[in-house]
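Both complexes below contain chain A, partnered by chain B and then by chain C.
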Partner chain A sequence: MDSQITIKIKNISKSFGGLKALENVSFSVKTGQIHALIGPNGAGKTTLMNIISGLETADSGEIIFNDKPINKLPPEKRTKIGIARTFQNLELFGEMTVLENVMVGMYLKYETGFIKSGLMLNSVRKVQKDIITKSLNILDYVGLNHRKNEYAKNLPVGEQRLLEIARAIAADPILMLLDEPAAGLNIRETKNLSILIKNLKEEKQITLLIVEHDMELIMGISDTITVLNFGKVIAEGDPLSIQKNPDVITAYLGEED
Partner chain B sequence: MSLLLQFLFSGLTTGSVYALVGIGFNIVYNSTSILNLAQGEFVVIGGLMMWFFLEGMNLPFATSVALTLTVAATVALLMERLTIKPLLKKGDLLLMIMVTIAVSILIRGLLMFKFGKDPYTYPPFTEGEPLVIYGAVITQQTLWVIGITALSIVILYLFFNKTMLGRAMKACSLDIKAARLMGINVSNMVMLSFIISGLIGAIGGIAITPISLMEYDKGAMLSVKGFCAAIMGGLGRGRGAVVGGFTLGILESFTAGYIHSGFKDAVALLIMLFILFFRPAGIFGKTETLRLRKF
Partner chain C sequence: MGKGNILSLLILTLVIIIFPIVIKDTYLHTIGIFAGINALVAIGLTILMGYAGQISLGQAAFYGIGAYISAILSLHFGLPVILSIFLALLVSSTAAIILAIPALRLKGHYLAVATLGFGEIIHIILHEWGPGGPSGFGDIPKMNLFGYTFTSTNDYFYLVWMCVVVIMIFSLNLINSMTGKALQAMHGSEIATQTAGINLTKLKIKVFILSSIYASLAGAMYAHYVTFLSPSSFSLFHSVLFLMMVVIGGISNIWGGIVGALIITILPEVLRGFKEFDILLYGLILTLFLLFMRKGLVPMTIDTYKRWIHR
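Now for the complex of A and B:
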């Protein structure tokens, strides 16, 4: 097997009732790349994200992560082997503070510490301190340190998206799935986001799979782009070739008469 | 004045148990969105098992408490693993609530087999002169009940807000999808929530039995009262159940004292109807948050 591939999507199909959300979708995300998944609304992008993270099961096909099939793993196990994600419709722990959200994101790495802390054992003090220090570092990294004690639900959308990314970083992933990270962000926030995403790749060596509608952002940061339309892959390539691809232009703008 | 104080303290005592049952409701509700209508049975288990170990087997006090809590935790654990866990995947909330009623009937039946229909009691935790405040007589056990309840509430607060495990449980109740993706085993957290709520029910039972006696069939009414306490404060809100429980206890005690003791149990039901009609999110709850809940 090619060790340069982090995740391989193989012939994934999924239908809801009569509607085929995904039809024989196959592509690979290369290690260390920013891979974008684009396509018009309803193309099946979020469904595919859910299948990769284990929240939905595919009707057929295989997901291969680091050379191992992961189809049967429940979502919590997938996080354990290194897949983290963010959500299109923000799924933060609203009634917890920003810091606590990131702390919970470290659950897997400190599972025994978590359980011991429930028994209020003294020996966990150090672990808890560790978790807090690391969480604060991550908040620093995404630029949310000044918000650490606020409830997550009180943050503006832009910062909530950053917090979701921070929480995903906390799990120390190999692959991070970002579902529309720029939705609801203004121009300045989007610019900062693109720097953050590039840093995740370059400094933290995280491979990224991103679903996004903001073409400027996508064209600016992606190494490879896969285009989905009506549940099928219609094109794949680097940003330049995608922009010129007639099938992609048709999918987005419609057929010329 | 002395009479008023007397009623107030007796209200706080029964209110303590309602609050504990109410908190138990909330903990399970937050982790599963179901109502555990067997909640009151754990108070009965607490009282009766404590009698069994303390008086029946003549074990020391501390051992009896430990064994009673172990029994309660085991029953809660079995209940969750055998009845709730298999059904949780299907997600039929109504079915699961019916199952908790079945479990409560089963527990009641078993307790009747073992203990018969007689009420049981054992001596108060400490012997000694009751306190007299402005003519109101307050037994030491009353103080124990209120103190233990307060302590339980503080410990639960610290658990859910200061420990990592508590935060993980809270995360499950806030957003189950995200919690799973953090790697948290939701099923284990559900089990833990049943155990914790079983334990605090039993603690209430252990403390209240020397005052109010305990018999096998008290659980159903305690479930109703605890549920009332929980919805008064808004289902799922920890602090709400505490305020709700004490308010209900005091109102009951005043009703029994100033009107007629026969009306006592009607208070909870009246409050419940009133709240469900006019403020379904509870006195402190917001209607929008209620609408976001599954049940």
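Now for the complex of A and C:
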């Protein structure tokens, strides 16, 4: 059965000082699924994303990716074995063009050393051309081709979020983590985003773990939903069962004024 | 490499070839040599600061290591000059790894202070244990390549500036490659760079090594041209001068390194005519540069040119 699981979160706990951001969190993301992680602000969703991608270390617990524990791997190694991500607080390379941002996402597949690059060997030139072609294809795929030569910092938020996804696609991941990809998007942009996310799953066979507040989006695309509240998993199931779950309703109602 | 860079390289090469032929004044050739030596350091520092987003207030240390090691090996151990230079670059690279270690943890002002400390330590070592101590040493062998000994000012002018052109081509290639983009990415967001699958540690160490190799090559050129060394040429003051070159020329463009080196080297010579007012004027001009040309000379010139074209 485990072979159908892409990533397994096992008893993860994490405290910041006295604050327990995550307490004994466990769940699995099945291969080929869109798995949503929802919960009120401060529930610990981003912290878990950071632990999965290696930017933070858990106090205890284990992350199993494709049947292998990855706790000890640095962030760049995790990306190399197939985990890419986007950031809630956009982390683009602002002074670089849209095309260059995507190209950087491909560096891990085509690393050329300083000396080879400085000598601009033929092999380096070929690789460079290859990277540009592939990056342009990805920009086409997310619908940003018309922006390719603009500086990333000059894009509106909606397009910046798409660019983050494009850069993550460039790493050719098995699993993609999206942290609030619809934040700051208007209705039409959100609709396009939901199509893009479904395409990532169906056309590119990427497994997705998505943190998101937009319930309409989440209910429309998710196969499984895990609900986090105050660092603990309070529910898990398909969209319908989550919508009816009394614990989830209280957690969300409790948050509203 | 874009058309603009290739054209600029051609013009630079042409100017280098013609300069000593048209201008016969040896004094001007000498200034040209020092400007070229400084340019080597400044190009490396531009990559380190402008592209990779690091900072070094200790670049004179690498310059000094290059000069001292190459001089000592050729003078006291009788090694061929070219081999001495090569070994000096190796020693400097090792020192760069040591400096890169704090850079892995520190940023901004903290890194500036750490590199400043590194520069001071090397300066003190040269002062206390270098041949001749504070007063330095002479009789360093002249540059020698394939049996040809470089003696005239003309020889050194061409040698130094040929190095500048070669280093410039290498650097432009690097900047325009994926490695260059990774360096810029690190400047933009370290978190995103890491999660794009790039090893920050490796990248930072490598870019510090690169800038140290350029600086120590410059130092070795200096040693075998001047044939006399003392620690006073490798002090904090010189690190600051290198920094000035990069800032005034324009940190976001490696051509800025060359332009900045020319300005900082030539300006004091021009101001010499003003006698006791020279330091005052020097300071005033640099301040005006910083106030009104924040981005530096080269990037501002390019911006102006682009605006003029699009009119």
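Keep this in mind: the second predicted complex is superposed on the first by the 248 of 257 C-alpha atoms of A that agree within 3 Å, B and C clash if a C-alpha of one lies under 4 Å from a C-alpha of the other, contacts with A are read in each partner's own complex, and residues count from 1 in each chain.
Just so it is clear, a residue touches a chain if its C-beta (ideal position, glycine included) is under 8 Å from a C-beta of that chain, and two chains touch if they have at least 3 such contacts.
Computed from a predicted structure; not experimentally measured.
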### Query
Are chain B and chain C a fit on chain A, or do they clash, once the structures share the same frame?
clash
### Message
Between chain B and chain C, whom does A:Lys80 touch in the aligned arrangement: first, second, both, or neither?
### Response
both
### Message
Under the stated touch criterion, which partner chain does A:Asn192 make contact with: chain B (first), chain C (second), both, or neither?
### Response
neither
### Message
After the superposition on A, what does A:Val104 contact: first (chain B), second (chain C), both or neither?
### Response
both
### Query
Looking at the overlay, does A:Leu55 come into contact with chain B only (first), chain C only (second), both, or neither?
both
### Partner chain(s) touched by A:Gln88 [first = chain B, second = chain C, both, neither]
neither
### Summary
Note: overlapping chain A surface for chain B and chain C spans 53, 55, 74-76, 79-80, 84-85, 87, 91-96, 100, 103-105, 107-108, 110-111, 113-114, 117-118, 120, 124, 127-128, 131, 167, 171
### Query
Within the complex, which stretch of chain A touches chain C?
53-55, 74-76, 79-80, 84-85, 87, 91-96, 100, 103-108, 110-114, 117-120, 124, 127-128, 131, 167, 170-171
### Message
Give the list of chain B residues in touch with chain A in this complex.
### Response
158-159, 163-168, 170-171, 174-175, 177-186, 192
#### Entry: Residues on chain A engaged by chain B in the complex (per definition of touch)
53, 55, 74-77, 79-80, 84-85, 87, 91-96, 100, 103-105, 107-108, 110-111, 113-115, 117-118, 120, 124, 127-128, 131, 167, 171
### chain A contact footprint on chain C (complex, rising order)
1, 170-171, 173-174, 177-182, 184-185, 187-189, 191-200, 206, 210
